[in-house]
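Per-chain residue numbering starts at 1, and chain names A, B, C and D are given in the order in which the chains are listed.
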Amino acid sequence: MGQPQQTDGPEAEKPPIRVGMVGYAFMGAAHSQGWRTVGRVFDLPRRPVLAAICGRDGAAVRAAADRYGWAAAETDWRALIARDDVDLVDICTPGDSHAEIALAALAAGKHVLCEKPLANTVAEATAMTRAAEEAETRGQVAMVGFNYRRLPATALARRMVAEGRIGTLRHVRVSYLQDWLVDPQSPLTWRLRKEQAGSGSLGDLGAHIVDLAQYLAGERLAGVSALTETFVRQRPLSGGPGSGLAGEPAAGTGEVTVDDAALFTGRFAGGALASFEATRYATGRKNSLRIELNGERGSLAFDLERLNELAYHDGTEPGTHAGFRRILVTEPDHPYLEAWWPPGHGLGYEHTFVHQARDLVHGIAEGRAPEPSFADGLQVQRVLAAVEESAEKNSVYTPIAG
Amino acid sequence: MGQPQQTDGPEAEKPPIRVGMVGYAFMGAAHSQGWRTVGRVFDLPRRPVLAAICGRDGAAVRAAADRYGWAAAETDWRALIARDDVDLVDICTPGDSHAEIALAALAAGKHVLCEKPLANTVAEATAMTRAAEEAETRGQVAMVGFNYRRLPATALARRMVAEGRIGTLRHVRVSYLQDWLVDPQSPLTWRLRKEQAGSGSLGDLGAHIVDLAQYLAGERLAGVSALTETFVRQRPLSGGPGSGLAGEPAAGTGEVTVDDAALFTGRFAGGALASFEATRYATGRKNSLRIELNGERGSLAFDLERLNELAYHDGTEPGTHAGFRRILVTEPDHPYLEAWWPPGHGLGYEHTFVHQARDLVHGIAEGRAPEPSFADGLQVQRVLAAVEESAEKNSVYTPIAG
Amino acid sequence: MGQPQQTDGPEAEKPPIRVGMVGYAFMGAAHSQGWRTVGRVFDLPRRPVLAAICGRDGAAVRAAADRYGWAAAETDWRALIARDDVDLVDICTPGDSHAEIALAALAAGKHVLCEKPLANTVAEATAMTRAAEEAETRGQVAMVGFNYRRLPATALARRMVAEGRIGTLRHVRVSYLQDWLVDPQSPLTWRLRKEQAGSGSLGDLGAHIVDLAQYLAGERLAGVSALTETFVRQRPLSGGPGSGLAGEPAAGTGEVTVDDAALFTGRFAGGALASFEATRYATGRKNSLRIELNGERGSLAFDLERLNELAYHDGTEPGTHAGFRRILVTEPDHPYLEAWWPPGHGLGYEHTFVHQARDLVHGIAEGRAPEPSFADGLQVQRVLAAVEESAEKNSVYTPIAG
Amino acid sequence: MGQPQQTDGPEAEKPPIRVGMVGYAFMGAAHSQGWRTVGRVFDLPRRPVLAAICGRDGAAVRAAADRYGWAAAETDWRALIARDDVDLVDICTPGDSHAEIALAALAAGKHVLCEKPLANTVAEATAMTRAAEEAETRGQVAMVGFNYRRLPATALARRMVAEGRIGTLRHVRVSYLQDWLVDPQSPLTWRLRKEQAGSGSLGDLGAHIVDLAQYLAGERLAGVSALTETFVRQRPLSGGPGSGLAGEPAAGTGEVTVDDAALFTGRFAGGALASFEATRYATGRKNSLRIELNGERGSLAFDLERLNELAYHDGTEPGTHAGFRRILVTEPDHPYLEAWWPPGHGLGYEHTFVHQARDLVHGIAEGRAPEPSFADGLQVQRVLAAVEESAEKNSVYTPIAG
């Protein structure tokens, strides 16, 4: 009979990255899953540790810590930042608090991962970017959480564009469609109030697709022309704290102060045309992020509702046998797939957070600025600001500042 | 043994509608197929007769007449109009000649079917509409050939919208993607010259999707904001008459004077947002016309590359079992299907011309103005003009005149 | 002003093929469409003429002649065959009359096109094949109407298999699913009676898929193992002649004497495995004929409900970018497409009959035996007989005779 | 500033279920992910603990323990079973060792989770089932790891069948297609040797689809008729231990002693017909498990490569608007979804192991026999044995014993 063998191996010997996370709602749960899983699947140079989680409601944050596996809980994000056993601050709060927390964390010498959108305003994002660049000189890294870059299919698409497989870019069309606001009786929440959310579909969904489009294209938008709309301007108040509304209003109705939908067209720096749509009123579309790129040599298309697939048309093939092919992005040589399951065994949404954690850990270990940087996040913010400006100015074409 | 029975039945006794068609290229072949087939499949009140076909090249038009089954051939459209044995003039020429031919035909007391776009300018379309309305008082009918209204799937979609199945409209998104100009060495043709084609993707593809979107929505666009682009400004001259270019230029290169692609957003009169894209540079997309309508109660989606299908999401169903369903629009109670094959035996592109002929024959027989009228065609032209105006004015939101 | 030009061109000068058709129901309408259209679309060496149509009910057949465009009508197929102005007899009746009509037509020196299945029994099919082979020595041709070979997508698939693109064949899986018998109250018709239909799903749907599978594979089945079932054994009598039932029974219920569904597996001569399913009880599947071939170098897949598409996986490509591609089979160099519409403008079900007519006209003009020959039809009949034998013998593997 | 709050909450107070896992290859990694994640996502009555992992190679198993998060490592499964700190033995080894380990674990008073197939022979499976039933009387539970029951989409399908939504079942068709053996130069591994794997595609893939089909149908197969084939009978030896081959043969070639593909048809107890296909030679199909059920009132279809979707046709709807709908199985009231992400944010393959762990923990906590039981696994084994018997006996229909 064999001797019992206590494990005391390499993982324990790796230097840790001790994470402190602010926020424990949807994003908090997703990031927790990422941090908890990443070292169990990927070979990492450092060992992530779920050190502490922070939220305002003490009982709730302790329950979250317990559930998600964080070693400690805090009710004040300043206390979290002050902890010696936190190396990295992971910000999963609504956009209105991103700047303050991130600036403090960077000032305290921490690495920072900040959920998207980077901030609610260009001014905030600018300050954050400046702070991140200064911190970088001190060896700190800062990254913004555009997690849809971390899908095998989108990462493969990026690689194929970079390889020249679609050639000179002509068109990018992208939409992000949800439907959870279709019902006019759906209650007001913090996501529908400008002071907390910054904007509506635009900042929530539009930020994702602007980043993804620019990432895949490998170039930036030069200008936009936009329409936005708020279809339902008054919504019932839920009367409770569940809404996340500041001030927790009583019953009645409250005003929606953000956009319900945003449509915009634009030009990329290289001359390609682009169209964008972000809405929460596309009945039947739950989380439908679709992007297609058409180039002189080929095309690529992706649909988040079928996230393990990438469609590719090779325009250099004889037309007789050409067609959009469905690449099942589950092969060992596909991005991130070296560590997962055999071909055809697909991944899910949450894996983006595992991959994000993986890439960030490598960035920290190697002392290089990971992408997307705060500067990337700032640039997305500038696009969103141009969208809002164009929408206010009768859709006039508005160059992206910067 | 039975007696041989010579057929001498009801068809011969029906009053004829004697068609004279101008043009014998792609649209001429398609319309011929429509006229030849319609009375063999549908019960019609009148009997279409392929009386005469017209084209400038005598040998070519005689060959076309022979091939497509027209009884006579003409080389001058004025002669065609002058024929006593022509009741209906079917105009299948490029857009720059639509107005002149249609006005003459209406003046000569003929019914008119005019291919889309109705004309190359709003001024021409206005004159044609006025003439059509006057002619209508004399019992003539005039119709414009937006054939994509005549698919079982689009006609069903229209019926479902009219029945209130998708409720208050929130979004319409529509694109018409082709790729035949992707190669910069693809030669210049009449379709790329403003003086003949009027515009590029906009008039060719954009006219279709503007009409289809307004038809399905059951309401009109109020205004648009647009970007257009000509990606490749010089193209080789083919040096021969096949190009259809006026003046038949010699070898070398010639300038493309129309748009390659047009993107526009807009607002419907009822408040819904819309996005449109028309391009000939979407590598791998051959004839991809996609339209989706999202309403408060449901959604509909259609793709011309799968033209026997309509996707429908019923938003009033419990979410547990809801989803976009693929209606195979081949049931006997679907539009136009009473006359075709059993369920599941799909139709093709050309059937739109059979159905168009069917609806026009009924309109003539019943003395009612068929849809889409010249006024409908004029309104589409106004949308296209607003698109061009917006594109010239830095994408500023431009109301639709009229 | 040009001179009116009466067409008197090449078509009229071509030697005619004068068709006499027996039957005027579903297949009669489809074949009529084929004969009427083929010479208007394709360049043919000979000119098809719709000479005479035959059916037992005089008024009905005259109406059909009038509707479908046949010059004369007969009520006795012997009279049709006796006509001097008929060169080709096109048999569109139920299977129990195929042998008698075809044998008489061949004996009378006519060319013959016979709907599938070739006959209701192997004995009949054998006699027909022998007669066809004898007639061939006299310059007559005989063909069986497996129209699904005539789709651009299936013809392309055949071409690709012949080119070696999928390599050594390993698997063929094919199903033909309909649902029109799901309702137990759906009435008895001639298709459910063995004496007229020969068999149920097996002869109607199974014959199609056996032929298509062998055609695409380029080899024949060696043996089969089968299960068949009749789910609903008694059905209401409709009490009228519409059922097509011999003897026109009165009201009440009648026995279903054919299979409702047939499943069989088999081995191809070359060692590949195959599975087949034919049923009229697949709720929601209207005309779903799907076939997939897997070979050592690649795979092909086709779905009749999306008949303009062919899926192709090139197994020799690097796995990183490989995937099933959707070839839109609408390019000019695709089979049959030289004569139709631009890329992306799809065809429909009925085009198979146009293409069948085209291929048959060429066969007659060139004096070569067209495929599928009566011998091919006989071999399919032998497969169906083996299926029935296996089903009766406890599914034991049953070699295909011949 | 808030006080730091050490988490010491309810999770720690829950009684643990201490897991000991045998095997650390593909299934070991997947089960580890399940055990590690389940308590972080779901509310569980008991707390899973990754107590010890076992494998023959000491260094490798210690590395696996370290990577996957197991507290201890063993090199002898008997030692694992003997540990006091193991409550549940999770068997992830090849099928030839299942019986011995499971019998020992049950005898030692442990709960058991055993990967599929339950065993390599009916005799082994019978002994295991008997032992499990005896152990059940002592409060132990035993479950077999048919993880595809644990997808939201398949669990929803089961629920809908049980609700009567598809009515009397007529057809079940199911295939499980992979392609990793297509290349004849792909080396011999333990999965291709009968003494270790028991069978080839049949036990590996066929076991899954037999279980899933019976689970969804809610009834059992009565008999089968089968064909099996080994396309490539000699394969290169890899010459190393990576193959997992017993005896680690040297270079050269070795014989494949299992089936490459298995096709079978069958009848369900209730009269429905079924077809099954399992193969590793379907070029381009990576992990394509497709199942469709057709009933008198509706149909359901599922495809593992799009595992967040379920297709449903409601046959009771008017045909005009009916069609297969694509249910995105990501709503909060869908099975297992109460604990995951918002609608549209899909799950992946590995979630089946999280859900399996969840259901097993509930079963243990509630003292009820979880499904699928060893008896269910035995019955699947009997189906596989009948398949093999039928294949040996010329495909004759073979009733399922038991």
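The criterion applied here is as follows: a contact is a pair of C-beta atoms (placed from the backbone, for glycine too) under 8 Å apart; a residue touches a chain by one contact, two chains touch by 3 or more.
Protein names from UniProt, one per chain: A, B, C, D = Dehydrogenase.
It should be emphasised that the depicted structure is a prediction, and the values quoted were computed from it without experimental measurement.
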Chains touching both chain C (Dehydrogenase) and chain D (Dehydrogenase), listed by label: A, B
Pair sharing more residue contacts (C-beta pairs) when B-D is set against A-D: A-D
Rounded Å distance between chain A (Dehydrogenase) and chain D (Dehydrogenase), as computed from the means of their C-alpha atoms: 34
Rounded Å distance, chain A (Dehydrogenase) centre to chain B (Dehydrogenase) centre (Cα mean): 43
Chain centre separation (chain B (Dehydrogenase), chain D (Dehydrogenase); CA means) in Å: 55
Residue numbers of chain A (Dehydrogenase) (touch at least two other chains): 285, 313, 322-324, 328, 343
Complex contact set, residues of chain B (Dehydrogenase) against chain A (Dehydrogenase): 166, 170-171, 173, 175, 177, 179, 182, 184, 225-227, 229, 231, 261, 263-267, 271, 273, 275, 277, 279, 281-285, 292, 294-299, 313, 315, 322-324, 390, 394-397
Residue numbers on chain B (Dehydrogenase) that touch chain D (Dehydrogenase), as the complex places them: 156, 160, 312-314, 319-328, 331, 333-334, 343
List of chain B (Dehydrogenase) residues in touch with chain C (Dehydrogenase) within their complex: 1-7, 9-12, 26, 30, 32-33, 36-37, 40-41, 52, 58, 61-63, 65-76, 78-79, 82-83, 178, 180, 285-288, 304-308, 328, 330, 340-351
